[in-house]
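Shared between the two complexes below is subunit A, which pairs with subunit B and subunit C, respectively.
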Partner chain A sequence: MTAPLDAVEPAVQAAGSAEEPQARRGTLRYALSKAGGALFSIAMVIVGTFFVFRLLPGDPVRNLAQGRNMTPAQLDLERHRLGLDKPLIDQFFDFVGDTLRLDLGTSYEYKRPVLDLIGERLGPTLLLTGTGLVIAVSLGLWQGTHAGWRHGSRFDRFSTGASLVLWSVPTFWLGLLLMMVLGVGIGPIPGLFPFRGIESIDAPDGFAYVLDVASHMVLPCLTLVAVVYAQYLLVMRSSLLEEVSQDYVTVARAKGLRDDDVRKRHAVPNALLPTVTLVFMRIGFVVGGAVTVETIFTWPGLGQLFYEAVSVPDFTLMQGTFLLITVAVIVMNTLADVVYHMIDPRVRSA
Partner chain B sequence: MTSVATARRRLALSRFWADFRRQRAGVVGLVILLVAVLLALVAPLFIDESVTSVVTGTGPKWAPPSLEYPFGTDESGRSILLMVWWGSRTSLLIGFLAALLSIVIGMVVGITAGHFRGWIGASLMRVTDWFLVLPSLVTAMVLAAILGGSTFTIIMAIGVTTWPTTARLIRAQTLAVEARPYIERSKALGAGHWHITTRHVLPNVAPLLLASTTLEVASAIVTESTLAFLGVSSNKTSWGTMLRGSYDWGAPTQGAWWYILIPGLAILAVVMAFMLAGRALEAVLNPQLRRAS
Partner chain C sequence: MSLLELDDVSVTYRIAAGEVPAVRGVSLTLDSGAALGVAGESGSGKSTLAMALLRLLPKDARVGGRILLDGDDVLTMKWGRMRAVRWAEASIVFQGAQHGLNPVRKIGDQIAEPLLVHGLAKPDAARKRVTELLEQVGLPAWRARSYPHELSGGQRQRVMIAMALACSPRLIIADEPTTALDVMVQAQVLSLIKELVAEQGISLIMISHDLSVLADVCDQLAVMYAGRVVEHGPSREVFHHAEHPYSKALAAAFPTVGDPVSRMAPKGLGGDPPDPMQLPGGCSFHPRCPVALEECATLDVELWPAGPGRTAACVHARADEEVS
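The block that comes next holds the complex of A and B.
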């Protein structure tokens, strides 16, 4: 505030317009470098997966056969079929080649290609986590905004306290409680929502089917939202708290704007930037939640498929689902980085 | 010279304790923690592993809470109270050791990356970022499933997947500390890498490490219970395996609320206590850090 405002502003504008194309080129370069980093990370995941899955104690064929009785000849045949009789380096290149061609092998449990299984399970997972994320994000941002704006109020203290509790609660325990109270019903309260699978056995057609699936989705979605939304609330709250003390908010107030306008038009848009990115950054956390929630409510999604693979254990299926989940998380993180760079001029200039 | 430093540190410690005592929630958390740890430690004096055995469970099955069984019994007639008590040993042990492993890795990587700022630091941060994006629960499940379920592998799986946040935090703090003039003076006097990192950087990041350890134990306990619930566990009774049992035996449909509620409340109480203590630590330490830098 040393120089008069009107003297600074034209200079800033001139500099801004001259740097505009350069900034765009900067964004492109940034996006490319981030994409390169992501490709490197994905390559590391593939290499890491190969070696970790070769760490399995014992004979891989016997592991895959799950103690079923096999003659030595059968074992040899199986070993040859899986390429396990080749040197490790050849196995490695086979694995990388297959993975890049999206050939993830055949599941031992289902006797079907892993990729087909993943394809079937993708829809339900996207439906559940997508719905859950939208609700969690909107609820978390809304409540976080109001808690941060009225910092120290009763609403703020209640919200912060509740989200700290939800943060500490294990996802699966909350799911069990909800299943017992709202699914089975406790005492005089009847069960309100179904808690197994995605549809009823005698699922109706048409619009009734949509309602059927929606009612099956209530409990898993509620569990996922409860656990995930707490962190969005806390982040939005602290991010808004940082903005509240900024000069431009004081200026907006001094101009005589209504409190709501100061919040909605000035403080929130700035506070949103870091929060929205964090939503994407913490996608790995949501994935973990999805695995747990899908397992409890036997929701036929990717998370449950992964859980089945771990509990059988079906190593090919486990490897395939792990690769897919990890790559998806890396891609989401990279997108978040690039989007943040594009929408926040402060990061761009730095 | 050393005695001056010791006296100064003792003074700082007593001032720190006075500050911490003013954080009421933190003190409550600390008390709950001490009680929980003490109970877990003295458990073998009163009960032994047989309380978790299906064979010796002599009570009625699915009995609701009563005077004899304050928290009811499970599907084999075992007392929930005694199982929760005995299970606290596994839950807390894994929680503490996994957090310790995670913090030690994070500390070593963080200080090294902050101290050696050339290609060593850059590549260490690259590795850290890579671990940071991996979905930790899914990775821990894979590791635990592959290495087989024992207490040791569960600790490894949790520790190996959770250290990157600590590493980033410690690296940032190391950079801040090393920018201070006395580090330069120390270098001019001929201090080597080892001297600077252990004598100057480490004491300065130690309070931060303490706070993040506290929070890390909380999340490790939750992770352990989640892993156990998802079937990758050390085959010892912990709060997570109890909840797994309640799910497998259909406690929700049996209406056996005590079987679900009690182990979960135990997790919640301990985790909340760690969170409260950790947040209080942070609140106490933050102004100090700000003042110092």
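The block that comes next holds the complex of A and C.
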């Protein structure tokens, strides 16, 4: 061991060249390649959607007739009106062309353009699920941080346990329970919050209207948050536990940083990285709304629209909402990749 | 006056199954500018001892005895004073090739961090100091803008050393600083540590399982077994003429370069280190000792004088001393 010490190479040689390599400007290229991939996925989804919905059992025209007495001639006429009498390949190209022009067809049930229907429902859905997501993410990450940092503490056991119980509860059951306890009221306790729709029938104007909508949002939002925040808590908690066990956290403490600063400057920012992907993927699903919660609380959102479309069944409407949700998820996944690439230097150079 | 004085230091971990004594009554002193090596197998308590010096052990560890750093007892210090001592007076070189650096922060920021935390420099001055430190460890200045994963293991270890030097501490604790590195890089890093410590008059405590590495860098050597120092003395002496059978085995475990006999047949040591919760009675080493006597199973061994400036916790060493 002693011998090689005297024959040490010049340190600079080991340290690499003295010139700094070209600055990395890969982010744009990376984003473009990801966007290309996303476009390909969307194209595949459009093609897939067409065939999947053509494979579904049931004749749309007969479904529309719904037992009304129609002659075969009338049925044929209807079929012709909907373009269902054309060869499949022609139908396919019509569908692709229409979709690219953002024409999602006309709803069988509502006799209105699907895009208009979606447009009407998008606002309420974004309001409800978006608010729910923001609250669930903040609550989950905050509790996860403290549970992970003081792991094994009473706070950790209580918050992790509670979130897991809520996660295991079926959404419709919790929704109905909250509706009964806080909406209808039990015994002497009066109902506190409205539980039907997005606004009162005699909705006031101005700021009072905002309050009215907000009070309608309480119960569905509470249900949404309660059943999903556990996943943010758990991911953050385990991610933080992993970071805390790393040597660099001990180094930070050895450097004389306060405990709080070790957490805020080193452990938490690093532990947040894996949650970025999770949150972005969830944003994709926000667009789809929450079928169960919207149906229970008769919230006029996309989830409810999708539920109605399935129960009719209204093929064009189903097709349209399905396309919208898939595209949203793909776009958000792509964004998640690009954002992650920008904030994590390890991914950047890989 | 000695810079660091350990007086009967003990560390006990409390776990669900009971108490685990990791360090059991270690007393050592380190003079200003001197280098002390602490050797031992995994689980001998050497790293626990190093972490105890700056009170970096987890909460379930109980530390006893006294650790005097420049006359101040580290164990009874207020937290504010403790934080002020950390890194500014004593810093640590961790095994940086692994996870000692924050993976998503630039190296320059990490080196500058202790300077800013201790208020020793404004951001501008800190940047200059980083360049200076990187130069000292043989890295180009632009490396300050690199991330840890862009560096090799040896370069990361250099960064760890630069970081430890940042506040010009009086003591550096190097915990296995070369363990994960290949032999050539290991040699470079060792000579760098030796050079910087000698140049800047910094005291050094180096921890390793490799006795030959320690003998090369340090003046004094302490060999630990099952949480105790079993031999202590000038490093050349301890390395080449070990008194304690455990030190002998440790020294023989690494083949001597250029000696084909030792290369072909490195002498290892049979058995495993004892479970700290069930330490054997008498001398803790007796079940693995090749020269154990009957009395070793019951005799309370302690560090007996074993030659000039040397001590060893072995009946044989004591016997030799009494004869001579």
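As a working rule, the second predicted complex is superposed on the first by the 310 of 350 C-alpha atoms of A that agree within 3 Å, B and C clash if a C-alpha of one lies under 4 Å from a C-alpha of the other, contacts with A are read in each partner's own complex, and residues count from 1 in each chain.
Note that contacts are C-beta pairs under 8 Å (C-beta built on N, C-alpha and C of every residue); 3 or more make two chains touch, one makes a residue touch a chain.
Owing to the predicted nature of the structure, the values given are computational and were not obtained by experimental measurement.
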item	value
Which of subunit B and subunit C A:Leu164 touches, first, second, both or neither	first
Which of subunit B and subunit C A:Val329 touches, first, second, both or neither	first
Touched partner set for A:Gln246, first subunit B, second subunit C, both or neither	second
Which superposed partner A:Ile89 touches (first subunit B, second subunit C, both, neither)	neither
Partner chain in contact with A:Pro269 - subunit B first, subunit C second, else both or neither	second
Touched partner set for A:Thr292, first subunit B, second subunit C, both or neither	first
Subunit A residues contacted in one complex by subunit B, in the other by subunit C	none
Footprint of subunit C on subunit A - complex, ascending	1-5, 7-12, 14-20, 246-248, 250-258, 261, 266, 269-270, 273, 344-346, 349
Residues of subunit B that touch subunit A when the two form their complex	129-130, 133-139, 141-143, 145-148, 218, 222, 225-226, 229-232, 240, 243, 246-247, 251-253, 255, 257, 260-261, 264, 267-268, 271-272, 275
Footprint of subunit A on subunit C - complex, ascending	51, 54, 56, 83-88, 91-92, 94-95, 98-105, 113-114, 117-118, 137-140, 142-143, 145, 147, 149-150, 152, 154-155, 158, 163, 183-185, 187-188, 190-192, 210, 212-213, 216, 254, 257-258
Complex interface listing, subunit A residues touching subunit B	41, 44-45, 52-53, 55-57, 164-165, 167-173, 176-177, 179-180, 183-184, 186, 195, 284-285, 287-288, 291-292, 295-296, 306-307, 310-311, 313, 315, 318, 322, 325-326, 329-330, 333
